[in-house]
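Heads up, the thing below is written out as structure tokens.
Order of writing sets the labels: A, B, C and D. Residues in every chain begin at 1.
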Amino acid sequence: MKTIGVLTSGGDAPGMNAAVRAVVRSAILKGIKVIGIRRGYNGLINNDTSRMYLRSVSDIIHRGGTILYTARSPEFKTEEGMQKAVNVCHELGIEGIVVIGGDGSYRGALDLSKRGIPCVGLPGTIDNDIACTDYTIGFDTAMNTAMEMVDRLRDTAQSHERCTVVEVMGRRAGFLALHTGIAVGATAILVPEVPFDLEKDVINKMYETLKSGKKHFIIVVAEGVGHVDEMAREIEKITGIESRATVLGHVQRGGSPTVRDRVIASQMGHRAVELLSSGVGNRVVAYKSDKIVDYDINEALAMKKPFEYELYKVAHEISI
Amino acid sequence: MKTIGVLTSGGDAPGMNAAVRAVVRSAILKGIKVIGIRRGYNGLINNDTSRMYLRSVSDIIHRGGTILYTARSPEFKTEEGMQKAVNVCHELGIEGIVVIGGDGSYRGALDLSKRGIPCVGLPGTIDNDIACTDYTIGFDTAMNTAMEMVDRLRDTAQSHERCTVVEVMGRRAGFLALHTGIAVGATAILVPEVPFDLEKDVINKMYETLKSGKKHFIIVVAEGVGHVDEMAREIEKITGIESRATVLGHVQRGGSPTVRDRVIASQMGHRAVELLSSGVGNRVVAYKSDKIVDYDINEALAMKKPFEYELYKVAHEISI
Amino acid sequence: MKTIGVLTSGGDAPGMNAAVRAVVRSAILKGIKVIGIRRGYNGLINNDTSRMYLRSVSDIIHRGGTILYTARSPEFKTEEGMQKAVNVCHELGIEGIVVIGGDGSYRGALDLSKRGIPCVGLPGTIDNDIACTDYTIGFDTAMNTAMEMVDRLRDTAQSHERCTVVEVMGRRAGFLALHTGIAVGATAILVPEVPFDLEKDVINKMYETLKSGKKHFIIVVAEGVGHVDEMAREIEKITGIESRATVLGHVQRGGSPTVRDRVIASQMGHRAVELLSSGVGNRVVAYKSDKIVDYDINEALAMKKPFEYELYKVAHEISI
Amino acid sequence: MKTIGVLTSGGDAPGMNAAVRAVVRSAILKGIKVIGIRRGYNGLINNDTSRMYLRSVSDIIHRGGTILYTARSPEFKTEEGMQKAVNVCHELGIEGIVVIGGDGSYRGALDLSKRGIPCVGLPGTIDNDIACTDYTIGFDTAMNTAMEMVDRLRDTAQSHERCTVVEVMGRRAGFLALHTGIAVGATAILVPEVPFDLEKDVINKMYETLKSGKKHFIIVVAEGVGHVDEMAREIEKITGIESRATVLGHVQRGGSPTVRDRVIASQMGHRAVELLSSGVGNRVVAYKSDKIVDYDINEALAMKKPFEYELYKVAHEISI
């Protein structure tokens, strides 16, 4: 393999830059030329690309976001768009591509692989909702950002003896809510994976801890679960405890990545180049039981990721 | 003066603990006994108080919120509530009170002063909206918290080439929005003090900077100005640039105070005790032209605070 | 088991409070009384203890350090000290103890277990140098603290085009240096596990990257390796590149714990109580392949922990 | 004036980029061309320069360090070097220069002004040791960085009940030590401006607070005062309290600037262009009593800056 491309796709996640850097450096070290593809698959369709050198990725490991930009690409899902992309690859001599993004972007990687451009996917999303991997690039930073924000909410909730209902990201998955919730000592954590009853799972828990003298409460709610404003109103109506809602929102997407995100992203980027350079494509790199592994994309897309029910139980028990 | 009380009232603000600490320590050093009054004026009405010692305020200077708790007190505004409060003061031998809070709490301080309990007010609110002072305890921390959050939003706005519309606190005043807006390099800053036209003041500025190559935009909006969700939709509709709204909310209220908040709060607490201990009450401590000063409460409440139009103009000029 | 004790021993580490909290809450939930033992084993010898309730551990999960204090206890290593400790246990009805600390404190746990007080050890040290576990409480926070400090050093190194030589903690182990070094994109990482030659492993790497245009350099050195001042002087002498040394020092020990430290500490504390409450002692809780497990203390102390040579190699390859 | 230059000189300071950005944007808005001069006065001597546009300063306001690099320039102090610099100015059509740096760099600005290149100096140094101004760009960020590090030291000092002796920057001035010391609640603060006696000013204060129950101590020492390792040993020897020294070092120089640094730097940069564009040179911009002002460079260099003795006294009184 003489030339590879690298792109970021879907929602951005802190650590994507560390992955891009590792891809570029590892490839150049193996004598492979690297083309940076901008704005996801759109960059491939429109030849929005440029050659990357060792120093193109200097001083980016600590930056949030992605220097390659990212975007969704409806055109890429059409036969015509796909063909344009393949043509650009041939034109530029791109013989393999590293795709960093969510599992939506893996389908594109699969399609390109089928058309003779071997692709390797890296899991990049703050939601940790990719089935084949225990860990996705960006998850650790997003959790810590959410936690720091809720730690601030705690100060004011405590001073006013209020209940604070916080929405954290996670439309389809409660991992971010669960870990953040444990970390902030939330009285209740609501996730899409576990059905809940406001009275039983929130209000009653509040009453229980009230008995032991607690007077302020943090309720962490995953985005996918419901409307925090309504929840706060409902809680206030039933308990008489002043309640406020906060939606942490896109702030969770940004910021300088944590050590964990930088290190795992670096390892994954390095592995992706190892795979491509030995002619292996149609794979996704994953993190399983503290090890970097890789799977066939089809296999990866067929996997199911169980929710951490055991951890959820622990969370419930120690938040009294 | 043998005994003084100290309370925090209204919305909590980072640095209130530093002020409480300075009050307690300065008073004890002068041989004055200190009573901590909990939950604002309510604590005075209900005798929810306790003696404070040198070590009662150990290791609190770096904590957000207020260890004395805070609350609004509708009862205190009634003749009956006020009388109860005065009685508790007499009972506990409280001969003067330091009140840390917004200008709402100054009225209570004024009323108590009139009834023979000299009070000194300290400006504590993240909004910096107290007329008599250039600076209120909590303002610097809130600005930096808001700035750090918008810096994170910038990462994702930049990666996706979006417009991010951010609501920062400030129902009545645009100070927080103005300083945060300059600090994050916002394309437009909307404050309650300056009327605006979305087309002229936001959209056209975006178009102008678009010409020079900028593709992501930060619009900072003070709470008092309007609805950021609608604004984002409107901007997207007109410009075609993907736009997202974020409400930073109560996160801005909490967190460990900055150096500036800790230092000025310490100075103000120290000054309050100097005033009370020399028999002077019915004053507010303020920060004017980099100096700690004090005013008669009536005078202070009658003051008007001009908006920083000059700074607003600079902000506009350099955000192109 | 009706009553258990909990203590922290050895160097403090962020997350210890989260572990204490989980121990207290999990035990009380099982109907077990908890005694907090202060200042490590000294507290056991001198009966420096107090009963802990649900609310004794409120609002500590986000605090660095340990609310139980910590200390070394030479007296505990004597037969007499040990006997005093056992007597205090009998006196207070303590039937089991959770010991949070480094592997030094496991020996005490082993000795107490032998004398009929079953103990469970939890790994708490920022160095991650406990053989039986992939992860120790405090490691993630310390890495992130070190990283943030080096990110700041980068700014000034870059502006002045200097070489910055940074000592991070880790007398016996290079884990902290390795992960921090990767995260900051260090040109070279020196750890006690890998012998090095300054000329070959540092200077030559600097020259190599100089060729591609890099003009500032970060060298991360584990405490156990050598003197960073001398190293900086040597580098400057040989290369002519201005070089500065910084010892990050004890700052790395403190600070609010990260999500990872809070969550794993919570899980470990919960597990410790599960073990003790089912009558099992003489165990250490560990983290292996992303799972909470436990080992016999003797076994744990006999284990060897391999250095992450693979990761070290990756670090080397992508830092060009 | 058709073309101006901008350079940063001396030690870098957070906020320099915000100042550069304001200079570039304000000038372009007035129709003035801007040349960025790299590596301080060296860049002028060697014509190490490039044209700056609106977008050259995009997304730098939040970055530490200086995108223009900085360096000392012994050559510039020679007649020959100075002449080269003047020639380069003529060559490039540079009719005025904004110099951002410490008062060392003002002398160069003075010399250039004398030779017909009007210069305006902006105070940029973390030490706040420039006589004519209450505030220097970088001071607020450096204080907050130092404070956050000492807050971390506090955790471990408290857990181990130790004394921590911390050296903060400030060779010639104690401003950083004073403000940081107050903010962290230091038991003693040692600055070059106030002679001290270890026994009387440190040890005795420790004994005093010991009596009230305090068991851990923070001593903040300005760089210019003496050797913290020796001090820690001495304190431990006399008091028997375990003592540790930490030198915060260059970490204090870096990091994303605070709101205050970004805003004041922006205002100062804007003012510098206003001066130059109206033909006024040989000035320094300063911050006096919360206002942006400017002085003749000669006058500015002749000023004396009094130490904040009043604040030092307050610090002493409330740290008991």
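As a convention for this text, a contact is a pair of C-beta atoms (placed from the backbone, for glycine too) under 8 Å apart; a residue touches a chain by one contact, two chains touch by 3 or more.
Treat the numbers as computed from the prediction; the structure is a model and nothing was measured.
Visitor: Which chain has its C-alpha centroid farthest away from the centroid of chain C?
Guide: B
Visitor: Which of A-B, C-D or A-C has the same interface as B-D, meaning more than half of the contact pairs match by residue number?
Guide: A-C
Visitor: What's the distance between the Cα centroids of chain C and chain D, rounded to whole Å?
Guide: Using C-alpha averages as centres, the distance is 35 Å.
Visitor: Need the CA-centroid distance for the pair chain B / chain C, whole Å please.
Guide: Taking the average C-alpha coordinate of chain B and of chain C, the gap between them is 39 Å.
Visitor: So which bits of chain B are touching at least two other chains?
Guide: Correct list: 151, 154, 158.
Visitor: Which word fits the touch map of the chains here: line, ring, star, complete or other?
Guide: ring
Visitor: Where do chains touch, given as pairs?
Guide: Touch list across chains, by label: A-B, A-C, B-D, C-D.
Visitor: Mind pulling up the chain D residues that touch chain C in the complex?
Guide: Listed in rising order, the residues of chain D that touch chain C are 8, 11-12, 14, 16, 39, 63-66, 69-71, 145, 149, 151-156, 158-161, 164, 244, 246-255.
Visitor: Which residues of chain D touch chain B in the complex?
Guide: 21-22, 25-26, 28-29, 53-55, 58-59, 61-62, 134, 140, 143-144, 147, 151, 154, 158, 179-180, 182-185, 209, 212-214, 256, 258-260, 262-263, 266-267, 269-270, 289-291, 311, 314-315, 317-320
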